[in-house]
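Presented below are the structures under discussion, each in the form of structure tokens.
Next come two complexes, and both contain chain A; in the first it sits with chain B, in the second with chain C.
And then the complex of A and B:
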């Protein structure tokens, strides 16, 4: 806002406004009130609603002026406008008046009531009387699935829904029907919305046409919610959320603006996947600890139970979904030689490459991705695994159209004009993966390949970049060069025509691009691919004529990168850990007392491995918030908190450190994992490396028998801040940035709005006295409507401003429209050591990949499971609404394979998978599935939506036969049973939550077990 | 679960060769295939009298465009019929000039004669009656449109006469 700032006069007052945006954005940036509907800060202007009319004057002598729509008017130096002018304000009032002729005024039963942009704007224009006497047009509503509700009568035809759903998010099953006074927004027929971003309709719609169905089922007004700033626990992007709670249950998730990450939008996994915190499967009691008092578990009970284990060694398995604090604590209780992240050998190899890449370059933010003019996505279906990033990629693809428009003098905020000029023009996206993805539709080229071939393509691109110094070659010349490289290679190492074409086009694209972004991930669990990509990015540095691309690795979980930062060369894989445990019936002295498992279900472990773990561990201690197979077989289970009930930090894919805050105190004995570990540490002691900083001096050879100091903890940490101080005092390795940031001496910010109702009667069923506000040590938020205003912090529990009750109020807290928040603090990023890479166990062995492709059998292929936004993440998958979205089995195969097997598209088949090689977990598995034939799929690849217990790089044999009627009936009935079970659990959950509303316990202090 | 199965209609089985050829011709002269959507709807309507759901799915399959988008086009234009209509569709203008020149009298006479109301089709499938917002013949009001013909300066008697003539006409086969 420097060289682009000009002076404009609004009602004769001078204002400094940016001339790169439209007048409405300029006015709102000055925190002036001007009503609008169709304009959206990140979707620009179309001028559909005529609500933001202002009077523009020719010069200072012009008394009359003319009406202009602020959202479609550019800002020019010295322009004079009036908001207060009578003709403009009367016009705005009349627009509302006309919209209201069809609006049903059903605010009392509308889920949007109290946070409705239409209500706010109506009040803002001064329209306050209902004068229309006629009938209103009415519509039938559609069933849009389990997540989004539809109430078309409330529609004011601003077109924001279709602009978001179709234009912004690339949806295809949504449209606008009819004309004039009969305009309908919805699907062609009833059915679940297909977009991964459908939940944003709830926030994009200025009124209550699209509502959060899950929230509506167990509803409360916005002003009665207790909210806290949180971080999404469902993928590695780390979108900022505001989680709202009332009467002890979480009601909903809303977007929390962060200018560098999620902006205004979330994906459906983030918005609706919070259901798991209310699940029936939550662990609410300890197991395996004797309780003295029948009323409550005490800290003494815990230390008594653990006193047997004093001086005993444990192995510890951390988790990429547990907080950084919990993982760090566990590592230091068991000692770094005994710590595992729950990764298997192949995942450890991936982790090595991932940490090397993170050490080399910092991945850019989502906002930065949106400025790219070429995106290359390789080996990851980000629409399903990091959905919000896919939405940013879609925006990046618009840059070609925006550039074209700007050459014609059309600014980027003129949304419909830019889209008309752009037509189907998109910036290039290249997609190279083993499964089809939703982004393939907008890709310039999308190639399906098994993982070994993907690596080969990346390697040949690297070859091109290092050997071809000329970036001006024609496509055919590049392809010739490629053919030359590989003519002496054996057949397996040669590129086929499709691959050659893909690599050549990609090379040319990269040569032309100003800013390339490469996105990959860990879901193919292939270290070689990551190593190849790292090498690819390296080789750009030798080319002066091409800009070095940014490489983004998308790991699986919300804290994968946090865990990665804790791994070092001593860290164990699951296999190594199992080896360390004594064999069953082995009489030798037990080195290990047992295993402590932190929020980890070891999903990739086979049944045998789990049994081995159970048999060989004398004591199995599990900390988790929800029942899973390990908690069922554990000796001691300590109930921990999900993201909404505790404090902690997650590290996103960039290494960005983000704190999630407790929304409401859990019911004891549930407490954060780090509080449990703190109590355990009191008894077991913790291990502090005497050789301070592991990664300070990498050149000197290290003494393997170094001293480990046992520290006996004296006091329990009462808060995260105390814990950080304790870590910082004892560990040079603990990231100082968190400790430095945590201290803030200011009045706590209220978690509730100052309009929270029924405050004196909330607990009336338990006691008639007004309950004391729950106290919490070192908390920067209060469990109350009293406290500092949300304005004081960039971590806003919710957003609200006088006159602005909806989430659109965020504009009042931005420096300027789409800018950072006024209180925004500089983001902190974690640093990485390469210590993990020093462990020779995890050095990649390229031979394996080569060997496996060499002994390729004709009937063998790679089967890859498609990722799914709803069900691929363990926590979100527990949400009943998501379980209802489960699809029946489907496998995509090549046309030749289908021909050989004599099966046709959509037929039900019986697939028998069998493994031929050594070290295979899978012996034989049969699956009933529907066939889909995909012409461009290589014969050596198949993908589907069901899982096989086999590792991804392994080739397996697949036999296809037509399934008989009985087999299909049996499969479909079991599938329907699953759906019915999910439906029943959804209903019983709702009943239970509504009953619980009446019996919430009072907690005076939110600490741990020791708080009262 | 209350989902509705996705309907897929293969255009090759549903549309006739001449329909496909006509639509392909329109698609070939447009910048993008979906731009031919409106013309494709007209082609199918010319052949079949109206655009059924199945016709809609078939066109969307042929033009490789989302059915929601095509439905948006089909429902926007009042001359694309998404419900079955009679042989002749009467578009009676109900704009202000026609109101001033006794369009109501004409309407009553038509209703009386055909025994149908707005939006209905006669039992013999000959006529469908629809209202139309301004046919652009205000100087010759009241006006109605049947097929490609405008009938101007109507009186109740003349309107009935026209309908009788049309009813007696043999269809050109």
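And then the complex of A and C:
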């Protein structure tokens, strides 16, 4: 029992309840049923719906009591309330019956039906018959884009949508209109919702006003979904998801509560970006392997195809979107000297700095970010690359208002009161980036700066911290110190006024802050910035008067940190690999037979590099789930699984190890990459680092000549657990992932709800004899409605509780409201070695970077591409709905540049970018784009939403001329063609999915190729 | 109860039984010459399942899945689609009659009176596979019971030919930008 716990009496029974939250949260924490609408566990109380009425008594002699709204009542010691009291329960029923007077009669066609909070609460109050005989008010709906549907008739005016969209997520294009019985929630005009968190409206809305449009197009009820706990594969935050499948295709993604990461909310990329798993572009057949039986590919076919590679060397390229197991396996098949993560030289330098930072300090979780009172985001647009983190940053900014309210005695859960008191008061956010971001509107200062000058600002902050020992200086004094410090530097290394002001305010802010969080990322591919930030954090540790900030690095992909943990001093960059590939040995034979490419498209490689790769590799083996340019040119293509069809682990930005589970078995020959690699390893053998093996087993004679021991595998790994045992037996470095989890020998948890329907009919058109449910070796979940209750695991495939069909049922499984899950296991984190930093190639990165930035001519332009939540991540970008959201070209330039070129805002222009390439040849690219003028943009910086080719990354020149009508028309027609193509692919996808619904693939066992 | 009365009651029972046997010897046999002679089945008898149409000839089924979830033997499978006219229909609707126990729960669960049980019990087939009925086998050309009910005329969603606020007991849609309170 903690000190905040008090005893209250609910219906004369004593309960221990926390007094830091409101009464409703207290009641729900005791797993008692009390209906509510407007209250949301993470958004607090406003008391709008009057649904959570309870009777409060003065003392034990009070017989009458009075009605209070539980959500706006604080918990006090010894308070006596009654939920069952007749006046309270009658009141609650009347509230529902009033809501029902206008609720349309459309549950059968409503996508929310079966997981509707309104349905649940109606049943809970006991209201069963509509007595009102009058007419119903109706509303017209709005078009809210391709992702969220709108059916305004169903609204019960709880105000949760606008509280989430506007207040919580900072949306601007949504609101509440009208009065009285005519309150309307929507946009001013029809149009796509602009917020990256619009999908949460679906879960936040207690009824079916906002529905998942993609899910509704190919709909199934919640109770019919076969779900598995999964991890988002679209960014490095690693939000927990529940992916639902029906009739062999993935239908939707819902939030899966994790108190330390995503809580109750997801971003739209995570929620809607799952479309790629159903894509037409999926690879479904092997290429380059001769198949003996026309019916199916056998394991023998694969080993025959690989038999002539026996004793041959391969190079391997892993990937930050493949699971940890697959990457680890690949590294050990090809050997550590031949492994690359698909990173280029500059990315390797970034990786070195990143791994140093991760070694030095552990990044905090999203929940911890929400407690900080100063956030400094530098060199990353997290609203687009890690959107869920941006949402947490927004919550952190509210801390100033919450603190102010608490000094007045208002608890933080009194949402509207806190917001009124706080007004526009926000905790400081400093943003320093090359593109404008969606957090700029809540930033105390947002400075746009070319890439090289960002590091300069960070360095000057470091200098301030080391030279100034006084944290009480005024702003002007700090600026003077800055000017003094830099007056001897050359012109380029001096800070301009805006930068001086920014750094000085940031210094003062940090001195005052109790908890600072610094967030950066790898999207600018700037190793110098990471090194500078590491140095910055280092010098905080020397200052006693300032708290050391937490440094968070946001890498690009879901498993970037996992790959980072596998890199060591022998790891290659893509360039090194390309150089190494044509090597010959003494007998003038090729050293390398070819390259094994694991779920990697080498997006940053130029066309020439890809040609070079193809020409120098005798055999190109590609494992991927979706067609891409490498799979087109490969000799052997092995179809692997996306996140929904396989098991594996992803490591998030913190180093947190999280398992994703198979939602449904794939159609053979598609199988997980690690299963393919397991088969490949059977013929190629695997290489065990004997240095490490010796430490484990001293009886093995030390082989000095060869540091690598070849192990011939005997048995195929049937399951991930077996694979882990195999790894753990052979490699001391393999993280102990299974140790904690192996102990649970309980009955597998059902992937389907106990109400799942259609079991004896869904495949009856193929064969009337029902196939038995798919079996899986060592699985902790069953492909069936039979199995243990979801209560037994913290990895809940879906959430449901008796009387609670919606996702609000999660409250029944939390220790207390907003707390961890009852079965929550301690998160495991991966450890890092500094082995990568030992490689001399990447060590001097800082000097290289400094030189290159010093080289940068003042007049040269720095073009930075804006990141886009929908299209920047390779997998999510394959979702047709996201392709429909593609925007036409737009570039932001400085007012002077525009004036010189004689162009105005919003005009269509032709931009010619040119640069001198590596071989001193002139590279140029012309782009038709709309101009946006930003007055505070430095002249040497421009950013836009289109990409330039790789050789145009540095020292480019830009010529702007007005585009003629023909050029604009041509561009717009090609843009419209893209949109039309996306529309067509969306429709054809839907048609195909519907056809597939009737031919559900039968898998008796979900294992590898050897299974049925 | 004494011994005598027990003996007496035993005898009476046997005599009564013999009397009944003799009586039945002279009564007309109950055997019906099925199939030449059909027994009477009440209109609400629970036999073969059909999908009905409303009085406008449109399918009543909105593919809400309630019949499927109510089915104790899970013998109903369907997939919803939204057609261009705004109506939701079943893309496929399959009943595996070899599993169906004709309990009528599906009919009870149906919110649109689409699925109905009919007094037809002649469902025997030589091949079990033939007992799998698809939508085209289930759909009939009439409303069956509750002939006047049409779901979309009661519900708030818009379909082709019936806009917002045009259903029964509905007011026209509110003009959000209007100034009237």
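The definition used in the following text is that the second predicted complex is superposed on the first by the 959 of 1012 C-alpha atoms of A that agree within 3 Å, B and C clash if a C-alpha of one lies under 4 Å from a C-alpha of the other, contacts with A are read in each partner's own complex, and residues count from 1 in each chain.
The definition used in the following text is that a residue touches a chain if its C-beta (ideal position, glycine included) is under 8 Å from a C-beta of that chain, and two chains touch if they have at least 3 such contacts.
Just so it is clear, the structure is predicted and the values come from calculations on it, not from any experiment.
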| item | value |
| --- | --- |
| First, second, both or neither for A:687, with chain B first and chain C second | neither |
| Which of chain B and chain C A:187 touches, first, second, both or neither | first |
| Contacts of A:983 with chain B and chain C, given as first, second, both or neither | first |
| Partner chain(s) touched by A:154 [first = chain B, second = chain C, both, neither] | second |
| Which of chain B and chain C A:213 touches, first, second, both or neither | neither |
| Contacts of A:424 with chain B and chain C, given as first, second, both or neither | first |
| Chain A residues touched by each partner, larger count belonging to chain B or chain C | C |
| Which superposed partner A:172 touches (first chain B, second chain C, both, neither) | first |
| Chain B and chain C footprints on chain A, overlapping residues | 177-180, 184 |
| Residues of chain A that touch chain B when the two form their complex | 143, 145-146, 166, 172-180, 184, 187-192, 423-424, 884, 979, 983 |
| Touch list for chain C against partner chain A, complex | 62, 64-66, 68-69, 71, 73-82, 88, 91-92, 94-96, 98-99, 111-112, 128-129, 131-132, 134, 151, 154-158, 164-165, 169-174, 176-177, 181 |
| Chain C-facing residues of chain A, complex | 104-109, 113-114, 134-141, 151, 153-154, 177-180, 182, 184, 186, 216-221, 223-224, 247, 755-762, 764-765, 767-769, 994, 997-998 |
| Contact set on chain B toward chain A in their complex | 1-4, 6-7, 31-32, 56, 66-69, 71-72, 75-78, 133 |
